[in-house]
Amino acid sequence: MEKFQLKMKVNGRTVTVAVEPGLRLLDVLRDVLHLTGTKEGCGEGECGACSVILDGELVDSCLVLAPQAHGKEVVTIEGISREGELDALQRAFLTAGAVQCGYCTPGMILAAKALLSRNPNPGRQEIARGISGNLCRCTGYAKIVKAVELAAAELQQKEGAAGV
Amino acid sequence: MKKRGYGIGSMWYGIGSTAATNPSGAFVDFLDDGTAIVMSGCADIGQGSTTVLAQIAAETLGVGLEDVVVITADTGMTPDSGPSSASRQTYISGNAVRLAAEKAREQVIAKAAEMLDLDPGEIRLRDGQVWYEEEPAGKTMIEVIAQCRGEGILTLGHGTFNPATTKLDPATGQGVPYATYAFATQIAEVEVDTETGIVEVKKIVAAHDVGAAVNPQNVEGQIEGGCSMGVGYALLEEVVVDGGEIKNPGLSSYLIPTALDMPEVFPMIVEAQEPSGPYGAKGVGEPALVPTAAAIANAVADALGIRLYDLPLTPERIVAAIKAAASSQHE
Amino acid sequence: MSETCVVGKSAPRVDGPAKVSGKSQYGADIDIPGALFLKVLRSKTPHGMVKRIDVAEALKIPGVVRVFTHADVPGENSYGIIVKDQPALTDQVRFRGDALALVAAETEEAAKQALEVIKVEIEELPPLYDVWSAMAEKAQAIHAKGNILTVSRVKKGDAAAALRTAAVVVSRRYTTQRVEHSYIETEAGVAYMDNGILVIKAGTQNPHYDRRDVSRVLGLPMHKVRIIQAATGGGFGGKLDISVQCFLGLAALKLGRPVRMVYDRRESIAATGKRHPFLVEYTSAADREGKLLAVKAKIIGDTGAYASYGPATLNRAAVHATGPYEVPNVDIEALCVYTNNPFSGAMRGFGTPQMAFAAESQMDLLAQELELTPLEIRRRNVLRPGSLTATGQRLDHSVGISATLEAAWEKAGRVMPGLGGEVK
């Protein structure tokens, strides 16, 4: 089969790779680029463990074929901390105790990030809706919702401070 | 019509394997610079055992949590700590780590007593210092460990713990299956739509006697997660098997609770200290889930005045039960 | 007890930073250059004897390195935490999901193609799908010792006499369903040889047990097998059993090459243990004041094709059948039964969530008969220091059930305004 020349931006860096056109974005990230922070849980877009942000939108990377990501910008869990410093959401997940087995965590953090970029000050119900495509079997979601609230508050405060 | 109901579910749960030996071992190496390495076979599968074991070791050694590293679950390096099952790791492996840390600590205390010419029974280790009668005694732990190591004494400790149980009589089941039990009561509030049969769990209060919470946030996390699994068990989840074949082998057909399915959960930690537990602790992993479906089922019965005897309480079953009750009333 | 410094504090998880940054290495994340992919051919037939497995076509597929069957297992071809009844690769099929052949290939695609062309001849046996037909006298035995695997009994006092004379007796039948653990991470791992030692890295709840059964199945001394737990994405009892470990070990040992395998969700659900479906016939009796006099229960659990943790589940169910109450007369019988269904094993609670559903329903039914509130009937019966359990164990300390009941009730009164005074 003829390979597809996939060019996309991943976590701020442009990458060009030749891949089978039937390959999923998830496989490109994990197997070709070795970004294994993106997890596979179900392979049918139900669990959200493979969530990444594609041109600002949260997607299940198991449902995106490699050519569909061509020319686009992908953010994975590896791309949200800066120079080794954790993102506000990552820190909030630690503070709130929102991590147990951790397998849903990367996707959950990206879902929360996509939510906060649309709605910087979500209520609990909006947070629950924002992460409802991401399954967690350990936490019962309570501390995940709390973590998103914490991060939102911190980001709001920073923005307020920056505005002054 | 929407009907509201409330239900109680209480439970008890024996910590550790039933009427069987289930020991755990641990090693502690108290190092020259006052930091420590703990080796335990205990597998952390998300429940947080590695953090809890680090806390127990740090507490026992009198050092900070950041001074402890726990190496876990590697048969080439760690002793057998048994399964991460039966809600046993905090109680059993926690005790093994505590005992191992005590052995390492005893050597430091003995040397400190000798160096300071004090009664070892009155010496405590805390915050990196040697303490005597609630005052720093003038030596740091690092100085004492250096003295030990200089004299060829390695400050190592090994601990094993096996809960005190007996076998059960095969005919009558009489005996002591567990050394200790966790207890819990959960109360659920539900709203049942009598037209659709859909049950919405509104709130769950979950009070759990864990002996003592080594890490309260972890305990809450276990309780909240258990309630979520319990909501799934009560209302949503069933592996459908027909002719020996699973008909819903995927997460699109086997549904578990999402964030939108979860009620507000109020976790409550009750601490009936267990004298044989590490710092009074028992366990919480499984108890978190055990009474949830029972509480929800009782709440549904309270709401409808009709009881269902088969899990899960699906909309189809609820509508059928309401219809059956109505037609039997007419007769 | 003196005040503690670290214990009792909500310290952040030590493995948290690696998990929030996506750096934790779960079984499927371990990069192992040159590793072969493994795939398992699973039975679609529920019950039968394997007559022949023809792998010739599979071996012709480019990239396929080897296909293993039961004939290639070097040690004892059976494992299990309690009963060694489950073969790594089988010559006798007991459920739709039994492992028949293991393919090792250079690519996952080649391994998958190989599964399509392996020919298996099975002489079918009549399948048994429910516990009643499995327990019937002339039922075909799924395992050599018959289909009733264990019977657990807890007997104290004289339940029959108490039931005859009690003021209130409530008798009901309960059923509970088969449940999937649904950890978000499916089973996965890698294996390789390291200076004569077989190293297996996989998600697991019990690495030291894994070592015992891998060593048994592969005929290796225990010190030549090293199991390292990979970061594990949830377990809930489902990762207490052997899953990928023996496959990984067999292929790495025989081929001398690193290997890896990952179950997809379908395989994870089809091939691993479930929560036991229970059938419970439960009778409780109380006196006029609502004091429990007797509990009699018969519990049947469908453990499916293999024992896994079934005996422990049914035994724990029997021991906990009364709920957290003091009951002077107890007669419990719990049966663990083989069928040709997918196997059931450990799942969070080991039979006690099933029993809590039955026992707590019974408490409310008794309360209704006696015109007591659910709270009051529990207050009158909960275990207290000095109480004797169903197994005759005297509880001396740390008996917090009453404290949880009162704490939950007090809190519920505040957060559930509709609760009013008492639960009806």
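As written, the chain order gives the labels A, B and C, with residue 1 at the start of each chain.
Note that in this section a residue touches a chain if its C-beta (ideal position, glycine included) is under 8 Å from a C-beta of that chain, and two chains touch if they have at least 3 such contacts.
All values reported here derive from a predicted model rather than from experimental measurement.
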Exercise. How would one label the connectivity among the chains shown: line, ring, star, complete, or other?
Worked result: complete
Exercise. Which pair wins on C-beta contacts, A-C or A-B?
Worked result: A-C
Exercise. Between chain B and chain C, what is the gap in Å from one C-alpha centre to the other?
Worked result: 18
Seminar exercise, completed: Cα centroid separation, chain A vs chain B, in Å, comes to 30
Seminar exercise, completed: Residue numbers in chain C touching two or more further chains are 10, 12-13, 15, 182, 232-236, 265
Exercise. Which positions in chain A touch two or more other chains at once?
Worked result: 41-42, 44, 47, 97, 100-103, 135-138
Seminar exercise, completed: Where chain B touches two or more other chains simultaneously, the residues are 45-46, 48, 217-218, 226, 229, 250-251, 256, 264
Exercise. Tell me, which parts of chain A touch chain C in their complex?
Worked result: 30, 34-44, 47, 49, 76-78, 81, 86, 90-91, 93-95, 97, 99-106, 109, 135-138
Exercise. Can you name the residues of chain C that touch chain A in the complex?
Worked result: 10, 12-13, 15-26, 28-29, 31, 181-186, 231-236, 262, 264-265
Exercise. Chain A touches which residues of chain B in the complex?
Worked result: 45-48, 217-218, 220-221, 224-229, 250-252, 256-260, 262, 264-265
Exercise. Okay, in this complex, where on chain B does chain C touch?
Worked result: 4, 6-14, 17-19, 41, 43-46, 48, 50-51, 54-56, 58-59, 62, 64-65, 70, 72-76, 80-86, 126-127, 168, 170-178, 180-181, 183-187, 189, 202-203, 205-209, 211-218, 226, 229-230, 232-233, 237-239, 241, 243-246, 249-251, 254, 256, 264, 266, 268, 270-275, 277-280, 282, 285-286, 289-295, 297-298, 301-302, 307, 309-312
Seminar exercise, completed: Within the complex, chain B is touched by chain A residues 41-42, 44-47, 97, 100-103, 127-129, 131-145
